[in-house]
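The same subunit A turns up in both complexes below, where it pairs with subunit B and then with subunit C.
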Partner chain A sequence: MEFLVCVKQVPDDSVEIHLNPETGTPDLSQADPEAGAFDTYAEELAVRFIEENGGSVTVVSAGTDDNKTCLKNSLAVGAGAAYLIADEGTDCLDSAQVADLLAAAAPKIEEQEGKKFDVILCGKESTDAIGGQVGALLAEKMNLPLVENAVEIKSTDSGISVKQETDTGFMMYEVSTPAVVTISKPDYDPRYPTIRSKMAARKAKIPTLTLSDLGISDLASEAAVSSLGFAEPKTRQAGIKINESEPEEAVKKAMDQMIADKAL
Partner chain B sequence: MAYIISDEGKDLLKDVHDFCENEVKEQSKEFDLSGEWPQNIYDMAAEMQLGTLDVPEEFGGPGLSRIDHAAILEEMAKADAGFATSFMTNGLSLHPIEFGGTKEQLKSVYDVILKGGFGAFCLTEPNAGCDVSNGSTTAVKDGDDYIINGTKCFITNGPVADFFTVFAKTDKSAGAKGMSAFLIFKGTPGLSIGSHENKMGIRLSQTSDVILEDVRVPASAMLGKEGDGFKIAMKTLDIARTWCGIVAVGLAQRAIDEAASYVRTRVQFGKPLGRNEVIQFKLADMQMATEAARQLCAYSLTLMDRGEDYTVASATAKCKAGDAAMYCTTEAVQILGGYGFSRDYPVEKLMRDAKIFQLFEGTNEIQRLVVGRSVVGKC
Partner chain C sequence: MSDYNKLTDELIDQIRTAANGHVLTGEDVSDDFSRDEMPIYGTSAPEAVVQPLTTEEVSAVMKICNDNRIAVTPRGAGTGLVGGAVPLYGGIVLDTTKMNKIIGYDLENLAVTVQPGVLFKDLADDCSRQGLLYPPDPGEKLACLGGNVSTNAGGMRAVKYGTTRDYVRAMTVVLPNGEITHFGSNVSKTSSGYSLINLMIGSEGTLGVITELTLKIVPAPKKIASLIIPFEDLEAAISTVPKIKMANLNPQALEFMEKEIVLSSERYIGKSVFPQKIDGVEAGAYLLVTFEAKDEDELNDLIDEASELVLEAGAIDVLIADTPSKMKDAWAARSSFLEAIMAETKLLDECDVVVPITHITEFLTFANATAKECDLTIKSFGHAGDGNLHIYECSNDLTEDVFKERVDAFFEKIYAKATEVGGQVSGEHGIGSGKIKYLRKSLGETNMQLMQGIKKVFDPNLILNPGKICYIPED
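Presenting the complex of A and B:
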């Protein structure tokens, strides 16, 4: 089975991020870039699959040259090849643009790698913008079947079976390939890179696909979403103290307050 | 401040940091209490190839610089000093073979290490601690073989080792010059593991007696030639002391980190403890002692890189790092007050872990002897 895993580079989500008061944008200086958590689950799922059944895992990311860091990390944990989509204007993309780029890149990568992808995996959502749209948009643009929030993929005679996580349990799908699948958190964690795999990945050359390579002439005009600004979550207000000495009075005051606040 | 390491080292360090934070730091509490060997943690570490840093590139190791290796070992020690000690001891057990072994012997032990195995350095005996040459383990020539008898004690990695570098007297009358070194593999008849030490600290590392009863080894198991043992042991300790210091520095740094994190949030008299100068001064002294020790380790590693004599630098680094670990962990307990004394908080374990770093691989009194003699010279 040949996998293409789409990876987004995001800021380390274990670091608390605040807005830079001067620029009004998130200050990411303390948050190292890394692959989105669900993208790492997608890669781990694919790598486990090929370790058991054979095949290959290729990763692709759209962004800037900076994304090579997370692509190299992907190479260190089992991907056989990595591609970067980067050009003027690819530093700030909306979901539809990312899907366009990935849809154009997939056949190009197939050409270069000399193989056809059976399954294209995306994390179900990124850990920064949390749009959760790229997988669905990509399937639509490539005219491929889509299953979202998957935690397991098995091969069948006619394609793959996919276990989807739902709010109430699991749903099983039989899907023909090629297909797009978005990945939720399976019951395992991504592996750590080994010392050697990390050192080898650092030396790996990662090919860059430009807009002209992908046959896209004008990226900017395709932006459907633009950011108007950023705001921090409101800081929590101090609570109301109820200091009545008699329990009855305290309860009455608490009830009155909750009714006034429409909490009841 | 820290070691000045390569970009590659920084990249690896981040992975090791993540691994240690997620898989070692919290988990170590359970094994500190039980004293059991955390096989699962060591298996994961082996999978990540953390033990391979001691193996040179030509034998299949990653080929990292000493300073990059040091930064990674420090990171492991920050999570748990016993965990780091098990790996540090691999280096200790490999050096005798690096100094006296053949290429075949080296390859055989490096292969063990590359597969995630462990080695043990068997020098200390009940009546031969600092007084190394007073050992009573003997190796008697018998045809083309040697027959080894004796008991080694306080052997780090003893119960888990795949190979043992054993020091024994081939000539009892010749004192230090009568000592020889041997490479013996696990499973050799007559070699067995004795009682486990129930230690005060570094309880994620295993320590035991190693008993040798009529252990027959071919003469080719000898490292170097007859009588080289003492020299090999001393050269080994010279190099290993720096690595011991590096682990101690990691432990000291952890104590600083824990104390600093506590004083930022602990409020007394209406303000965080950290706003009191008396606390800031304590942390400043801890930081300065630790950084000084770290740079002494780095200096000793640089001398090794340059092929210059590092005996005194290594003893200095180990002594100052061991003292820094004991000092910083004790101060961390003091800063946390009653909570520092509680097993529910992390620093009492650090204090227990620290003491050994003033004791093993030469007590700090021995280190002072090495340094003192170098200062005074012949008189």
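Presenting the complex of A and C:
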């Protein structure tokens, strides 16, 4: 089975992000970039699959040259090849643009690798924008079947069976390939690279696909979303302490306050 | 001299006035104030809890307690492991957790001034947001900085940066008689008489009450990565440690852990990080090493050199955590050892002995054999880079009396062994009430008397945290 895994580079989500007062944009200087968590689950799922059944895993990311670090990390944990989509305007993309780029890149990568992808995997959502749209848009643009929030993929005679996580349990699907599948958190964690795989990945060449390589002449017109600006959430106001020792008085004061605040 | 006076209603009123009402009594005093995180050393309730907001409130309360010979036990978040914050003789607990303001940074002198109740984690996060690092890194991130200073907390980064002691520049202290004084200053060297600030550091609330601290900070490293290094057994892992140090690789952290404790911790946090089998070889122990560098190339060079060294020394493989989430997961497992052991254990005691790093293997072999001899289950991990070992004694089936008896027999032997190889009773947790007996044997009477003399100079009425480190009222 041949997998293409789409990886988004995101800032470390354990760092509290604030707006830079001068630029009004999120200050990411203390948040190191890494692959989105669900994208790393997608790659681990694919690598486990090919270890058991054979095949290959190729990763692709759209962004800037910086994304090569994240792609090399993917190579160190089981991907056999990595591609970067980078050009003017690819540093700030909305979901529709990313899906366009990926849809155009998939056949180009197939051409270069000399193989057809059976399954295209995306994380179910990124950990920065949390849009959760790229997988569905990509399936639509490529006219492929889609299963979202999957935690397991198995091969069948006619394609793949996919175990989807739902709010109440699991749903099983049988899907023909090629297909797009978005991945939720399986019951295992992504592996760590070893020194050998890391050293090999550091030396790997990552081809860059430009807009002209992909036959896209006007990326900006593909945008479906425009950003109006950023604002920090309001800081929580200190609460009001009700110190009355008698329960009746305490309840009355609490009720009065809630009525005054229009909470009741 | 255990005849401390009890708090009368009149004294409580006086204390309430002195502390501007920040006093808890009766049912408002939660059981938490009777214990720390190692209740095996006994629990004891205070008669009142004072939660001051200012140095002046601490001063006014201390004066009343000193004049009336009321025992006072200073306390931060209560995360200690040797009974240090337990008010063994009643009186008041002076809870500094409401004094929790980061007062300000002096970036040109690389210092930050804080109140003692600021949590370690809050300062670490605040520094991180500004590209700074407060280097001490004790396992318990929710401890107060006042408590860190009072126990000279060490932690993971001690191998490179030293312990809390190395980062305390100045402090405001309220003496037992209520007098407010200042020790140290924001300078990087001093030769100005006895180092009173260094007497306070590690004094576990027995000499004075710290109400403000000026701490040294450093610029945060630009690039950081950890290596998870599996070995077939502990001896192979530990014998690699001096080689890493001799190669001048200067790791920021260098921890060892046995497989059993890693499995406990992974069960506890629900994540599997440390590989159990690599190419058919079973891992029995691990080193977890962190390196820091000014850029990616320098970091990669360090990783490559360290990997080559440990593989030659017998490591099964080297796994690399160089992304934020992988680093976080690797260290989450390490940081959860205590909680994981607590979750699986009914009776627990701990020894945080420190030995020269060249004696770690010999000492652990001795400890394992002694545990067997004493019919006791132990789990070990520790700071391989500085020889500070955490050996947990665990039981789910013994009665408390039998457990304590066996632990005592075990401690007598292993602390004697530690002393023999040039070690010390505690690397970073302190003495509290739990380790006085072993400290006395390790240091000898002369040194204990010197400590008692110092205690009496600071605290002539012996009201501050009685029953800890060197002073037991009944003796």
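Quick note on the criterion: the second predicted complex is superposed on the first by the 254 of 264 C-alpha atoms of A that agree within 3 Å, B and C clash if a C-alpha of one lies under 4 Å from a C-alpha of the other, contacts with A are read in each partner's own complex, and residues count from 1 in each chain.
In this text, contacts are C-beta pairs under 8 Å (C-beta built on N, C-alpha and C of every residue); 3 or more make two chains touch, one makes a residue touch a chain.
Note that the structure is predicted; figures quoted are calculated from it, not measured.
J.: Determine, for the superposed arrangement built on subunit A, whether subunit B and subunit C clash or fit.
T.: Superposition check on subunit A flags a clash between subunit B and subunit C.
J.: Please indicate which partner A:195 is in contact with in the superposed arrangement: first for subunit B, second for subunit C, both, or neither.
T.: Both partners.
J.: Once the shared chain is lined up, is A:16 touching subunit B (first), subunit C (second), both, or neither of them?
T.: second
J.: Going by the contact rule set out at the top, does A:35 touch subunit B (first), subunit C (second), both, or neither?
T.: After superposition on chain A, A:35 lies in contact with subunit C alone.
J.: Classify the contacts of A:223 with the two partner chains as first (subunit B alone), second (subunit C alone), both, or neither.
T.: It touches nothing on subunit B or subunit C.
J.: Residues of subunit A touched by subunit B versus by subunit C: which partner has the larger set?
T.: Higher number of touched subunit A residues: C.
J.: Once the shared chain is lined up, is A:92 touching subunit B (first), subunit C (second), both, or neither of them?
T.: The answer is neither, since A:92 touches no partner chain.
J.: Looking at 99-107, 153-161, 171-179 or 369-377, which bit of subunit B clashes with subunit C?
T.: 153-161
J.: For subunit A, which residues belong to both interfaces, subunit B and subunit C?
T.: On subunit A, the residues that contact subunit B in one structure and subunit C in the other are 32, 192-195, 198-199, 202.
J.: Provide the residue numbers of subunit B that touch subunit A in the complex, in ascending order.
T.: Residues 8, 11-12, 14-15, 18-19, 44, 47-50, 52-53, 62, 64.
J.: Using the touch rule from the top, collect the residues of subunit A that touch subunit B in their complex.
T.: Listed in rising order, the residues are 32, 191-196, 198-199, 202.
J.: Using the touch definition from the top, list the residues of subunit C that touch subunit A in their complex.
T.: Of all residues in subunit C, those touching subunit A are 125, 128-129, 131, 227-228, 271-273, 275, 296, 300, 303-304, 307, 311, 317-326, 328-330.
J.: Mind listing the subunit A positions that touch subunit C in their complex?
T.: So the residues of subunit A in touch with subunit C come to 12-16, 18, 29-32, 34-35, 37, 40, 69, 73, 76, 188-189, 192-195, 198-199, 202.
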